[in-house]
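Below are two complexes that have chain A in common, paired first with chain B and then with chain C.
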Partner chain A sequence: MAIKSRPVYAGFNVDITAQQHVLALEGQGADALLEKLAGGHPMLERAEILYVATGSDHDAALRALGAANYWLAPTAEALRDRLSEILAHATMCTRLYVAGTEGFIGSIVQLAADFGIANASIIKEFRGSQQRRVQCVHCKGFNDNVTISPFQCVHCDLHLFVRDHFSVRLNAFQGVCINAETPDIIPPSVEMYR
Partner chain B sequence: MAMIFHDETYRDDFSFHNSPESIRRYPFPFHEDSYMYAINMENHLPGKPGSSYEHPIDVDEHYVSEMRDRAIVLNEDPKRCQALPHMMAAQWDTLELLMTNKARSYPDLFTLERNGDLWHWINQPLGIDDTFVFGDQSTLPYEPMEYITRQAQGDFCIVDQRNDTLWMDAGMVTCQADWSLDFDIGMNFMEWHAPVPMAHELGIFDRALKFLMNVQQGRPVRRLNWTMTVNPRLDTSPENYHKWGPDKTTVTAQNIGSKLHLRCELQSFWRLPRSNALLFPIRQYLISLNDIATIPKWACRMHRVLTTIPDSIAEYKGFSRNRQLALDFLAPFDDGRELTLGGEPE
Partner chain C sequence: MIHPEIIVRVTDIAVVAESIKQFTFERVDGGSMPVFAPGAHIVVSMDDQGKLRRNPYSLMSSPSDSTSYQISVLRVVESRGGSAFMHEHVDVGDTMTISHPIDLFPLHATAKRHVLIAGGIGITPFLPMMEVLNESGQVFELHYSMRSRRRGAFLSELERRYGSRVSAEVDDEGGRLDTRKLLIDQPLGTHIYVCAPLPMIDLVFGVARELGWAEENLHREVFLAPPAGTPFYTNLAKSGTTVYVAEHQSLLESIEAAGIDVPYLCRGGACGQCETTVIDFDGQLMHHDIFLTDDENVSGTKIMPCVSRFVGASLTVEL
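What follows is the complex of A and B.
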């Protein structure tokens, strides 16, 4: 059943009215663009593509698209720095696209908000791992790339299960202590979000 | 009769207690012998003298101690009180609504003198005497919502209305039933209710949202909600769940009467004049099973309700672990007789 607080990612569709296209792609998120533009597309003349591989290998394919600008970022953090620079100088009629894991998408949504770009105006596609970014509700620390439940908070060491509740503002699911009522019993961890 | 405020605690030694008068005015939430989610809204009209509904904003014998507990929570975790920047007009609306209602209902406890924008507020039980300029937050020691809700029992949410839905954009939340303002702030109505089982599928939230978006100024509405809490603890937040969760394992057949509390929420909804936001006070009332047992109708009814409640709701409300013990405690009060409808004591 769908989680009501979790965003719905509608998938890539080229906004032909945009004057400028800025694309942030992470890992398998690159496929969202490559599959859409298999036969080339006029938008590429006005497109700036930022890509971080995180274990995937789309560098050559993306480069071959021949976009107006293309940059292979070494890390997601470096990608966000470059994106900030681009958005700081972006003009009206710029369209932002993001594809990749949920945590990556959310981080771009947060970043874009600082530049006055509404969440609803960003074109998004969810690709890659189901791993979750989880905030510990107790210590408020964030745990990235969570694949198992329960897991131990890297900040406060509590054993947390992942509640099916997502905050766009925090870009995280909610992690809640699993053994508060049974301090001596910690259920075995199970891979939940591959 | 002058109100006598208890000096009591909601943590550590849990010295909270209800007087016999306080028991009889308890807003008992079970109107019939079974319970299912319902919107159950009614106009927030004045009730019988002495009841929890007599005044629009109820002040009772626990006021001073509840405000002391709130201050402790805020000291430990300031994020329990937050407001997004666009909510400042709604904050002033909230301050006005609470001050004017309290001063009108309890003139011996609260005084508000207004001379244009220069306001003079006296809160006698808490020993506060402040003069400030309405609309100028620099003249108050806190932002307006925090200032006045440090002086008002219950949690408060201010929800903004736009794009055909409601948004949880401000709140003072220190005595909540296991939800986090810090996590939910900025969410819309469907998003912040995401973890509630069954009610989405029943269409409850669709109907409740439609109803709430049409609440009119000057015509507040109310409903009751409830849960169960072990020990009279106000701060049953998810933030501190690892601290209060273990309490649930301490209930026995011997101590359940004093340990297990019914926690009723009197929720009211007020359209605010400047901001068009809704103020949503969530006023909680605690009562032990022992105290419930002093009202035969309530003990009998509660036995029937807890017998028939679906497992998923018992789980969500967090008392499935102690449900059987509660049933065993209440069973002797259920003699099979027919009970009158409504939550009145008799």
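What follows is the complex of A and C.
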């Protein structure tokens, strides 16, 4: 079922006019670039690729692309720090690309907004797990990589039902207590988002 | 009435540069003027010997001044009448009708830096913009191109007020805006705003796109003057009437003169608001707008009556 509030991503299309290309790739998001640039591409001479593996293994393939700059980030956090440094010195002739899970894309969109980059001008491709980032509406804590519903909030231990509404501002879905009236009954979890 | 109007008195007229006059309007009823956002324009109605003219002009007064509005009008040599009327027939003390402010050229709150590019009389919307940007401590720069210093309205005052944030490119001194140089190094989060004749806007946007600028950061304001042309008749299907469009009148003005309201915002072929369905025609639609796509133009099903005309035997639109 399509979720109206969930963002749709147009996919990787190289903006050939850009003077500098900055690419943030997470996990299987690397495939978005590798498939597109299979035969090499002039943009690579002006490309800066940041990649965090999160369980996938594209390091060698990405390295082989021969981009002007390539960095394998140890964590998504480290990738975002490096990206901030790059954007702090970037010009308007720069194009930002991001590929990976929804949570990762959302985090890059938020970071870019601090540098005045409009959401619409970022080239995005969704790849990887449908897992959700969920905010507990009770304790406001965020739960990453949620694949089942209901699930137990890692912060307050409540059993949360995952609502099908995505908040762009929070970059998260909402989790609401499923058994507030009947705390003894814990409904079984179902794997919903692989 | 879809366009509420304000009756104003002309309280001051000043020559601010060669061929440019500045007009100050105050409400006849003594009330305060509606608040406007920098970049907004008003539409001034003129009764030119029984012919209705309505021209858009950017507001250039201070947004914090609620007692009056100011506009500046360049006398266009090839004018079909609007600017000539303002220059020759409007006197201090006259009563005129203006629209409420229309906001098609707003500042963007998320911008880190604002680059304002004015060509000639296109300086006007930038006066209130700079005032607001300056007061709120935002980063901006103005590039002001003009034919000669004599035609550069407000230049010395702007230089005095904003110092090195203002640079002038004067044609007859050999000055020329180096668009590429200007745009290639702008930091992320910069927005450009261009108010100038169409060729200059096309040039700036063209260079920006070549350099990979995001569309979201490009803003423009242009009011195309409705061109004169051979008079023609237009049948208005819904209203069941026919209007005559004189040589120096726009189709929109002639429809309005018949007492029929048409939605509009820019009256200069840019915003798309006046888009009207063409039901039938025998002849040629003369598209002068920059809103419809080439495909739409070829399809012959739409016309922008604020600037476009018709040549031929008969034209019927949906109004």
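One rule holds for everything that comes next: the second predicted complex is superposed on the first by the 194 of 194 C-alpha atoms of A that agree within 3 Å, B and C clash if a C-alpha of one lies under 4 Å from a C-alpha of the other, contacts with A are read in each partner's own complex, and residues count from 1 in each chain.
Please note the rule applied: a residue touches a chain if its C-beta (ideal position, glycine included) is under 8 Å from a C-beta of that chain, and two chains touch if they have at least 3 such contacts.
Worth saying up front: this structure is predicted, and the values here are computed from it rather than measured.
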Practice prompt. Following the overlay on chain A, give me a clash-or-fit verdict for chain B and chain C.
Written response: fit
Practice prompt. Determine, under the contact definition given at the top, whether A:S121 touches first (chain B), second (chain C), both, or neither.
Written response: second
Worksheet item: After superposition on the shared chain, which partner residues are touched by A:K140: those of chain B (first), chain C (second), both, or neither?
Response: first
Discussion item. One more residue to check, A:T182. First (chain B), second (chain C), both or neither?
Written reply: first
Discussion item. So in the superposed three-chain picture, is A:H155 touching just chain B, just chain C, both, or none of them (first/second/both/neither)?
Written reply: neither
Worksheet item: Which chain makes contact with more of the residues of chain A, chain B or else chain C?
Response: B
Worksheet item: Just chain B (first), just chain C (second), both, or neither: which does A:A18 touch?
Response: second
Item to complete: Return first, second, both or neither, reflecting whether A:A90 touches chain B, chain C, both chains, or no partner chain.
Response: second
Worksheet item: Which holds for A:R163: it touches chain B only (first), chain C only (second), both, or neither?
Response: first
Worksheet item: So after the superposition, what angle do chain B and chain C open up at chain A's Cα centre, nearest 10 degrees?
Response: 60
Practice prompt. Compute the least Cα distance separating chain B from chain C in the superposition and give it as a whole number of Å.
Written response: 6
Discussion item. Please report the chain A residues shared by its interface with chain B and its interface with chain C.
Written reply: none
Worksheet item: Inside the complex, what are the residues of chain A that reach chain C?
Response: 15, 17-20, 87, 90-95, 113, 115-118, 120-121
Worksheet entry | Residues of chain B defined as touching chain A within the complex | 79, 180, 182-187, 190-195, 200, 238-246, 248-249, 321
Discussion item. With touch defined as at the start, can you tell me which chain A residues reach chain B in the complex?
Written reply: 3-6, 135, 137-138, 140, 158, 163-170, 174, 176-177, 180-183
Fill in: Sites on chain C touched by chain A in the complex
110-113, 183-190, 208-217
